[in-house]
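Here subunit A shows up in two complexes: once beside subunit B, once beside subunit C.
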Partner chain A sequence: MTELLLYLYAESPVHAGAADSLGVLDLPVQREATTRYPVIWGQSLKGALRQVAQDAGLEDLVVPVFGGSSEDGETELSAGRLTVGDAQLVAMPVPTLQRTFAWATSELALFRLVRKYARLGVTGLPQPPRLAPEAGAAASEAWIGSGRATRSEVLGPCLVELGIAPDPQLRRWAAQLATDVLGDAGSQASAPLAPLGGKLRDDLLAVGSDVMPMLLAECTEFVARVQLKEGKTVEHGPFHSEYLPTESILAASLTLRPMPAEGSLKTEDVIEFLLDLLHNKLIQVGGDETIGKGLVWARLLRADDVRAVAPEIADESTGVGQ
Partner chain B sequence: MTGQGVGAKEEPKDKWPGRASAGPIGKMLRTRDLQITRGRGGGELRDGANPLVILHRSAFVDGAGVFDTTTEAAVLRWAADHRLGQEPALLQMVTERRTRAIAALVRQGKGRLEWRRLNATPQWRMAVGIGNRLNPFEIGLSLHGTYGWPIIPGSTLKGLTCAWARECGIDRDDPPRFGRIFGLPRIKIRADSDVGAPTAADAPAVPPDRADGDETATSGDVVFFDALPVSGPVSVARDVVTPHQQPYYNAPQSHAPGEHHQPIPSPFLVVDGGTFAIDLVGPAEDVSAAAEWCATAVDELGVGAKTSAGYGYLAAREVQP
Partner chain C sequence: MTGGRRWLALTPRDTLLVRDGRQFDAGEDAANQPVQPSPSTVGGAIFSAFGGVKGAEPDEIRGPVLARRHRGGWWTSYFPAPADLVRSDNDHSRVMRLRPTGSSAVTDLGGECALPLVGEGDPLGGWLTGDTLGAYLRGELVTPEQPHRSMTDLEIAFVRDDPDTDPGPLVQELRVGLSRTPTRVVQEGMLYQATYLRPVEGVALLAECVLPTTWQREAVGPVALGGRGRLADVAEVDGVSWPHPPTDYPGGRVLVYVATPAIWPGGWQIRVPGARLVAAAVGPPEPIATASPRSKGGVRATRALRWAVPAGSVYLLQFDSADAAMAWAVGDSGRLGVHGTAYGRPADDRLRTAGFGVILTGVWS
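What follows is the complex of A and B.
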């Protein structure tokens, strides 16, 4: 078994659509039934990944890795060797009154991420910050009041207290995400999203369990569209679609079962192919492709590619802050 | 005493009393003297304040909790003075990232895809998304879903380009090409349509291999991205439309238009300068055609609302991405 961690970073709004409409929203995004966190279901993500492999012309790879399809008469139905988990939300951008937007995350989202890292065998990650249900914490001084006065900040529809000092654990998480999701550290500094690293290190906020669901419900993008007839009168609509906004961060666990010993494809080769296909590449997920939606940057990380970002970096910068 | 009291009321200070936004965010979001400020006595909000909060989340109310419509002036002023909060440094980063993303998309297409970029500048003013008035001020403008900056949505550009292609008669002269570029709706939709003759003429647009049953829906092969500001923030201006007989327009059955009605000025926001990058990606031949149509369409048909009053005409030129 080879465990992999796939990060997805929204370059344009993503509409991974659910089937049912909710109230006035005709085309909602997929959400988890219990938490109402936005999600991209494993089956949707797997289809998108399969499409990437097909578009790249890697037919030899598609059937063993993603499974034989019933439409293709020549190959037998078979299970793929790649298991694709749900892409769960790590952080979502929320509008603010300074610095345009900040990424909001939560204890729940970070704990799930800890478990994904644990599957890779990566330990030593900071504990997610523990927060009161209505409280918040910030990764940098940019969001902290001066002196002892606690600072409240407007996040979308909410007013959240962000404490009197940056949260050291959250600061380490920001560094971890900047390194792993954006690739802004060390030899990977040429990664396409690396220039955003500075912003993510400063503008990651964690919010409590009362605030997060409200942000996730209210801060998705909501677009009304119509289809016109030739005479410019409305033929269909308005229909309302929901999008996961640009700059959202999601993560999925991928597991590759070993390739059969007698086959020509070795497990290591398959991983190399997958890295070629996905790492630092732009992939299409979800609907409305022809109006530029659903582009996400993917980063595929093996156990060897990640480690807990050195605490001394975080400690050092915390020291500067105090 | 009485005279002094009246005098004090007439001072401009009282004309724009401080108001707090309704709800919890009112502690941080207030108006004062035609400014939007951070809390009571805080500084004026500037670049980096997100219009998705200021336009879409705030309703400034008086002590009794009644929405004060005069605060709209402060919101409009902030929008115009600070160009809807566009931060030049972040905008630069976003622009560069968009360029890298599309370059990567084209590279991954392995020669199947080409990219055309048009730089479009409003010739005068532009009002896109004016019907999207999902805010207390009823100011409609298409805003980016994360940054809140003015954009031209990809769906707007696609619809506009499609309309121009129709005007050129492409849908009749070369239906397969029209269907390939813009996609085909399901046949069910065609059957519902009450436009008789053109529907029949469109029938050959169905590719022969897909002519069976309802399986005629295809997506177009050209991608129209949301057009974002490039090379610096676009400028935003206050504009006004003044219906002179509003009671008549509101209820034509009960009111006749009359000279005695008050003119009601109704302000709104427009983009009146700067450059948007329109990015199209698709197979070489199709994307060239689409880019050409799009460049003509923004100039000839105009984008967004009020094109008959001169709004929405853009000068577009193709640039090397």
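What follows is the complex of A and C.
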């Protein structure tokens, strides 16, 4: 088995649609049944990745990796070698009264990320910060220390105390995410998202278990749409769609079973193909494709591509302690 | 990993899709229903974790047992609430136990099950921790002197009073799928929905593996657990065991608690040589679909549907003496007892070695 970690960074609002309407919301996004965290189901993500491979003309890759489909009536149904896990939320942008927005994450989201890294064999990552249910923590001085003993910040609809000092573990996580999601390490300076690294290092906030569900419910985007007749009057609607906002960060575990020894396609070849398709590439997931939704920057990481970002590097990057 | 008994944990990475035995095909059916993972589902995954080599299999796999991992790395195991525990009609916070009681009522059971279990209340549902179930088996949970216990005392987890606030350890998650044509439009008639199970954070499925003394294989993950290629991580765990049996069985009375779905030769009835079935509280039959993708003909040729006694069912047995009860339940000098083992099928039966019919013994009065 080859383990891979796929990061998705939303370039435009993402609508991976759920099964049912929710109250006045006609088209909600997919959410986990237990936590109500937004998610992109593995089946949805796998379909999107398959489409990327098809669009690239890699037909020889599609069936062995993603499985045979019956849609053309000719290909035999078969299981693909690639297992695609759910894309789970790592951090979501929330509106703030300074610095425009910050990324909100949680102990739960970071614990899940720790497990994804563990599957790659990456150790030495910090533990997620432990927070009281109503509390918060910040990765940098930018959110702390305006002369007051404690400071509260408006995050979406919530007022959250962020403590009296940056959380050192969260600071390391901000550096880790900036490196792995945005590719802002020295060798990755050409990555398309690298300029955002400085903001992510400063503006990552962790919130407690009472705050995060509220942010994840209130800070998604709600859009009312209508369908017009030829005469420009409303035929259907309005109907309301929910979107994961631009700048959301998600992560999924991908697992590749070894390719058959007798086949011409080797496991290493498939990994290289997948990297060509998905590393630092803009792909489309979810619905409303033709109105520009669901564009995400993908970064596909192998075990060798990842290392725990040392705390001193994180400190140097943020200027803390200098 | 060497021989002996080892516990393995299968922790789903995200969701599970485990279905009952009914056929389901996208485009032909609109929906399917999930079921709790059965012993055969978990047994197949563990077989894969050990390499999936035919002939190199554990002697037995006993499980699954639902468990939750705590932050310190230790586990709490959970078992379905015994079927003879009910919640008072008048006060749902109080738990009572049905009692075997003589009655003039006539049933179609004949003399097979002499006494009805009597009491008023609604099925308890939910899950007991292993420690609480141990107290139940020892007769310490609900006693004649203390016939009512509060839900808080019992530390009952995942009770479905309100599905929104406590929907259980494996929460149903409805997913809709569709199929697209090469021109990126939805294929007509290919809209379907499936209900996945999402474990609450930290919840895993545990199973005890009985390994040959010469065993040298390591369990390696991830493995596919259930359908749709959903993966679970695999780990060996320490500090987990079946609830301990009582130290004696006064009057030769033995309570049998069914810890995993059981497929008895006698249908719903358990047959124990030397013992008489006095009473039983058995839940609704549970469909168990099995299939062997590795066997000749694959899944379609080997699948079978059986009906199982659900976990949580309870039988009250009467032996001739306390010694006979003790020997059967926990063994004597020459023979192992049945407590914590699969019961009711031949030693090499695949349903037994996969973990169907694991029972725990206790006392009743």
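In this text, the second predicted complex is superposed on the first by the 311 of 322 C-alpha atoms of A that agree within 3 Å, B and C clash if a C-alpha of one lies under 4 Å from a C-alpha of the other, contacts with A are read in each partner's own complex, and residues count from 1 in each chain.
Assume a residue touches a chain if its C-beta (ideal position, glycine included) is under 8 Å from a C-beta of that chain, and two chains touch if they have at least 3 such contacts.
In this text, all values refer to a predicted model and were calculated from it rather than measured experimentally.
A.B. asks: Sharing subunit A, do subunit B and subunit C clash or fit in the superposition?
C.D. replies: fit
A.B. asks: A:11 contacts which: subunit B (first), subunit C (second), both, neither?
C.D. replies: After superposition on chain A, A:11 lies in contact with subunit B alone.
A.B. asks: Quick one: classify A:141 as touching subunit B (first), subunit C (second), both or neither.
C.D. replies: In the superposition, A:141 touches no partner, neither subunit B nor subunit C.
A.B. asks: Is A:88 touching anything from subunit B or subunit C once the two structures are fitted on A? First, second, both or neither.
C.D. replies: The second partner, subunit C, only.
A.B. asks: Quick check for you: in the superposed arrangement, does A:26 touch first (subunit B), second (subunit C), both or neither?
C.D. replies: A:26 sits against neither subunit B nor subunit C.
A.B. asks: Looking at A:35, would you say it contacts subunit B, subunit C, both, or neither? Reply first, second, both or neither.
C.D. replies: In the superposition, A:35 contacts subunit C only.
A.B. asks: Spot which of subunit B and subunit C makes contact with more residues of subunit A, would you?
C.D. replies: Here the partner covering more residues of subunit A is B.
A.B. asks: Looking at A:107, would you say it contacts subunit B, subunit C, both, or neither? Reply first, second, both or neither.
C.D. replies: In the superposition, A:107 contacts neither subunit B nor subunit C.
A.B. asks: In the overlaid three-chain picture, which partner chain does A:1 touch, first (subunit B) or second (subunit C), both, or neither?
C.D. replies: second
A.B. asks: Note down the smallest distance between any C-alpha of subunit B and any C-alpha of subunit C in the overlay, whole angstrom.
C.D. replies: Least C-alpha distance after superposition: 6 Å.
A.B. asks: Check subunit A for residues that touch subunit B in one structure and subunit C in the other, and list them.
C.D. replies: The answer is residues 289 of subunit A.
A.B. asks: Subunit C touches which residues of subunit A in the complex?
C.D. replies: Per the stated touch rule, the residues are 1, 17-20, 30, 32-35, 39, 41-43, 47, 51, 54, 69, 71-72, 79, 83, 85-86, 88, 108, 115, 119, 253, 255, 289.
A.B. asks: Over in the complex, which subunit A residues touch subunit B? Could you list them?
C.D. replies: 11-13, 55-57, 93, 95-101, 152-154, 156-159, 192-193, 195-196, 199, 220-225, 227-230, 235-236, 243, 245-247, 281-282, 289-293, 295, 297
A.B. asks: In their complex, what parts of subunit B are in touch with subunit A?
C.D. replies: Those in contact with subunit A are residues 23-25, 27-29, 38, 45, 48-54, 57, 85, 87, 90, 93, 96-98, 100-101, 104-105, 108, 110, 132, 134, 144-148, 153-155, 158-159, 166, 183, 185, 189, 193, 195, 198, 219-226, 279.
A.B. asks: Which residues, counting only subunit C, touch subunit A once they are in their complex?
C.D. replies: Residues 13-15, 167, 171-177, 179-182, 184, 187, 193, 198-201, 222, 224, 228-231, 233.
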